[in-house]
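Structures for review follow.
Shared chain: subunit A. Partners: subunit B in the first complex, subunit C in the second.
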Partner chain A sequence: MDFHFNEEQLMFRDSVRALLERDCTADVLRELWAGESGRSDGLWSGLAELGLTGLLLAEEHGGLGMAEVDLVLALEESGRACLPEPLVETVLAAAPLLETLAAGGGTPASVADKWLPLVAAGEARLAIEHPANPCVADAHVAELLLLLADDGSLHAVARAQVELTRQPCNDAARRLFTVDWKPGDDSLLAKAAGATRLLDAAFDRAAFGCAAQQLGIGQKLIDLAVDYAGQREQFGRAIGSFQAVKHHLATAQVAVEFARPVVYRAACSLATGHTDAGLHVSQAKAMADEAALLAARTSLQVHGGIGYTWEVDLHAWMKRAWALEMTWGGSAWHRGRLADAVLADIDNKPREGQLQLQGVN
Partner chain B sequence: MKILVTAKRVPDPETTIKVNADGTGIEEAGIKWVVNPFDEIAIEEALRIKEAQGEAEVVIVSVGSADCQEQLRTGLAMGADRAILVSADNPDPTAVSRILEKIVEQESPDLVIMGKQAIDDDSNEVGQMLAQRLGWPQATFISELELAGGGGSATCVREIDGGLETLSFPLPAVITADLRLNEPRYASLPGIMKARKKPMEEIDASSLGIELGRSVTIVSVQPPPERAAGRVVESVDELIAALQGEAKVL
Partner chain C sequence: MDLDYTKEQRAFRAEAREWLKANVPGQALPSMDTEQGFAAHREWETKLNEGGWAMVSWPVEYGGRGVDLIEWLIFEEEYYRAGAPGRVNQNGIFLLGPTLMEYGSDEQKARFLPRMAAGIDVWAQGWSEPNAGSDMAAIRTTAFRDGDQYVVNGQKTWCSRAVWADWIFCIFRTDPDSERHRGLSFMLVPLDAEGVQVRAIEQLDGETGFAEVFFDNVRVPVDQLLGEEGGGWKVAMSTAGFERGLMLRSPARYQATARKLVALLRDNPEAAQRDPTLGDRVIRGWMQAEAYALQTYRTASRIIGGGSIGAESSLNKIFWSEMDLAMHETAMALLGPRAELLPTARAAGDVGDWLDGFQFALAGPIYAGTNEIQRNIAAERLLGLPRG
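Coming up: the complex of A and B.
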């Protein structure tokens, strides 16, 4: 079996990287933080033109009908660029959920037929509420929100029909909201029993997406620290020449390198519908989270006092790593999920059929 | 309308270049290779003409080793219709112009668009030599292009020292693109997937019946001298004195 990415997948990664290096620079990020929405329609439509927003969607919805393996390198790049757009929520969590529901016809089909082509074209973003997350990310720029009613049923609600209250977040780029709204028969997509299975699948895809982004974030944090350690001199030498510095950076790099194939495996498992895909995602999320956090801690340490300043770009990636670790299940929760499965196998007991997502964080 | 564009394989401008051990070229191991950025601008311009006219065909050609297929695939993924790889071992600009002359005779394009120069050797020769061999009008270093007369003629703006020059000429012609002609698009995923199925013809340069020997020999390649370390001055007066007396920039 050949585990290499093919020429097309690498070429797509290069295109996404080039676009983000041009349009999602540190200066652009700072401008977006200061803006009201914190988002860029131009950046989002640029990603759509490359095919990113419709990559997982079926051709009948304007998509490309491709899989997570084709997406994972682009997600890594989005982390490397600290992209603030709701790629995970829209492309991985909400849109595929809507598409799965649409197969049953009725209201979900008409909602999908209306909104998914807009997502593929970069003309709409989606937001999704999930028990794993206390707030709804990017609800303020989402044209359509998938929301959970108190009875567990899933609803599709236009932004104009909800009231948003912004919640604080340590990441200046991340916009989190609580949502006040009223469910109705016309907004119902799925009752609780049907919604749970779909939300579990959305959880796994989103956790995988965060894991892939954490790889890019971790790598960027190491790159920033290596660059700084090569310039900053102490005792007449670049600080990167001292073992106390370079060994720490090497340890962080090893953590990222060890997490990378695990994330790629999760992509493959999701794409092929592997029975243990959820566990592979949890392995990926736990390892990528921990690698990114280690890279953040090491990078901050290497930068020293200047790393704490607003003017140095380091904090953008560091805070994103912190925020993503708390999103779609923290590394501790994902390790717990793995432990439960391993212990169930040892005790020869059936594994839990559903995720226990209350109190994920 | 048929447009022929070139795509030279060159080191990524972001790559750190090192001179090889015997000082005859660069160390190629570990280098990332890309389409010459000026050729990318040429491809983009051809695609814009095609999109504006609807009926045009864009043919992309590269001269060099089999590795140039990678750069041709990039051009196809951007939207070119088909590609031609001419296999040749380290040709110099004169040989490339001879090869392209033969390709133009085979393809009979209405327009040839090339980068004004390649970023590896900065020769800035092939476009001019090709136009001379074909006996076609040429417009080099163009920053604006407009076709007229149903594609029978063109008007170009060139950036020259201290201003702009506007040229008008009949087609067919050879045009070389400058930096500000356009901003090239990135290959989209649908474009990348389509590129896999687009035709790529391979031609051995030795089959073209032309002289391929180098007309010039690279005697040596040297890295630029290392910059001297800067120094901290104690006062504004000392800085001004240094800028006037040493750097002589004031």
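Coming up: the complex of A and C.
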């Protein structure tokens, strides 16, 4: 057992952090909100150059052949920076799905051969529809969309062949759409039965991605408040010296800190194909969501009136935390999934040679 | 103890219900944090006043009906049941109004109350300053006497609805050598006075719900001083009592939210099935709203019997703000992935105004004195714990 990240994983995190601190500042975020697309090709290709967009893809598709444990810290960084790009949708949900399908040859293989190297190179983004989400995120910048037909079959459709309607939402950075399109024989990737399995796996990866981002968002919300509480004075003292404020922040930190190992475990389980990977993801998503929500509320409270303004950046992270909590399965859904499994499994004997956790292992 | 309404009270309720039914706009007014919405809400105030419903507990000569606080609570219940618009002049009618009754001279009452009731003067509250939020006694905006005027210099901030309001009630430092609670005075200032500058501030939702107000040699006649010079803290604490303890947030508001929440639960059975705690959270909200109503009737009885609102208003403020937030958080959970969509989104379906309500509820533990400060007050003044 070793819960450490290795040298390369940490270095990768550092380089992603450095890039985001330089190219994804609060000023950049605000500029992007105001723009129609809300996205930055430069930022996306910068991340691709670091290897982020192809990290999970095989070398034959221009990727690095690495796994979720290698990615999790970078995802955390993307949350910390409030990155508006479709990292979760493209890198975690859609691209690996295409790659899995490609193994069977036929149309999916040619779609994968065409698009995945572009994803790895940062020249294409992907969007994906899923029954858990009422809208399709970032469909407007996705060159290729994976869409579900009424019969449950999965299709790959170029953006030129769809009509998008933007669905305005609370987070100024998010771009959600409903999609009008028609399935054709040449667009078919998988029939309903096969599609469901693929979509379930994509769902778990994406939910894991959101969980990792929530860790970064939660930590950032706490850090912003800690900074502010150290500077802001009332009653002749820094407000951070009041116990009420300290306790609020410490409580939020407890929540983030205890969500962290759960998210890292989910990364390992996805990487190794653990039989309970889905349940591990659910626990990660539920706990990271709760931590981020608590951090949001705490950070606002510690900021007082100034936190309630558009001028101060705080709301960007708050709104992202609220949005992600409901995306790729809300925290309640994930708790419910875990509850069902724990209840069903409670009398089973633990299996040998695995991290033993009550009920689920 | 008798918890039934009298015949007169029932008749009063029926009358209020009938008038509201005939007069409440069929369509929701635009947000009062927009210019157009503010104007629409002001018009509504005028209409309320024409019907004699602006502030039923005020004396008739000031535009009220001379009824007591129980009737006021009944009116509020009917008001929320009817889905009537938010009160754009809430700082005036619920905060300054009762303070004027207590501290105003007859002339001041006659001058300000009827116009307030009619929505001719919409009021803002100017207490907070950049460096005096929780620590309100650190106020630095000065008002020095010059003949029969004060000359005001400084800045207020986070003044709700000040962008389009007409007047602002403020606390200024009138004694240059004073410290903390002493030497402060309560004054009434027109926002179009020479030297006043209002800068709108965008809130979380991007709308200009509050503003900074700058004072540059603004001349305020001495007859716009409320209470005594140097006695502003005492006057302000009376206002804060109404703000935290009784009028600003009447129970009907939360009972309406609780009813809406129960309907939302009923309409989203899948969400409730997936998360069995949601039903529990909804009923908790409903129970709290009920408890809050009972507590408010109790407070009203005490005041009618000659009592006053004291430090227990801090408990009240903690209760309503946290109940409101909990109910809105529950609503967001019930809406699930649709919760982040604006009502204008086609995919949003029938999300109503929960998102707006949620974001506003988040401010509850901050405005009217933060809940940390209220807990300090409750612990020190009600429980008698040593001061920190």
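The criterion applied here is as follows: the second predicted complex is superposed on the first by the 345 of 361 C-alpha atoms of A that agree within 3 Å, B and C clash if a C-alpha of one lies under 4 Å from a C-alpha of the other, contacts with A are read in each partner's own complex, and residues count from 1 in each chain.
We take it that a contact is a pair of C-beta atoms (placed from the backbone, for glycine too) under 8 Å apart; a residue touches a chain by one contact, two chains touch by 3 or more.
Nothing here was measured: the structure is a model prediction, and the numbers come from that model.
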>> Both complexes share subunit A, so when I overlay them there, do subunit B and subunit C fit or clash?
In response: fit
>> Under the stated touch criterion, which partner chain does A:His315 make contact with: subunit B (first), subunit C (second), both, or neither?
In response: second
>> Taking the superposition on A as described, I'd like to know which of subunit B and subunit C A:Leu338 touches: first, second, both or neither.
In response: neither
> For the overlaid structures, how many degrees, to the nearest 10, lie between subunit B and subunit C at the C-alpha centre of subunit A?
Replying inline: 100
>> For A:Leu19 in the superposed arrangement: first (subunit B), second (subunit C), both or neither?
In response: first
> With the two structures laid over each other on chain A, which partner does A:Asn170 touch: subunit B (first), subunit C (second), both, or neither?
Replying inline: second
> Which partner, once the models are overlaid, touches more of subunit A's residues, subunit C or subunit B?
Replying inline: C
>> Just to be sure I read the superposition right, which of the two partners does A:Ala323 touch: subunit B = first, subunit C = second, or both, or neither?
In response: second
>> After superposing the two complexes on chain A, what is the shortest C-alpha distance between subunit B and subunit C, in Å?
In response: 10
> Once the complexes are superposed, what residues of subunit A are shared between the subunit B interface and the subunit C interface?
Replying inline: none
> Inside the complex, what are the residues of subunit A that reach subunit B?
Replying inline: 7-8, 11-12, 14-16, 18-19, 49-52, 55, 64, 66, 70
> Can you list the residues on subunit A that touch subunit C in the complex?
Replying inline: 132-135, 165, 167-172, 174, 176, 178, 233-235, 239, 242-245, 297, 300-301, 304-305, 307-311, 315, 318-319, 322-323, 326-327, 330, 332-333, 335-336
>> List the residues on subunit C that touch subunit A in their complex, please.
In response: 128, 131, 133-135, 138, 157-158, 201-206, 271, 274-275, 277-278, 332-333, 336-342, 344-348, 355, 359, 362-363, 365-367, 370-372, 375-376, 388
> For subunit B, which residues are in contact with subunit A within the complex?
Replying inline: 70, 73-74, 77, 186-190, 192-193, 195-196
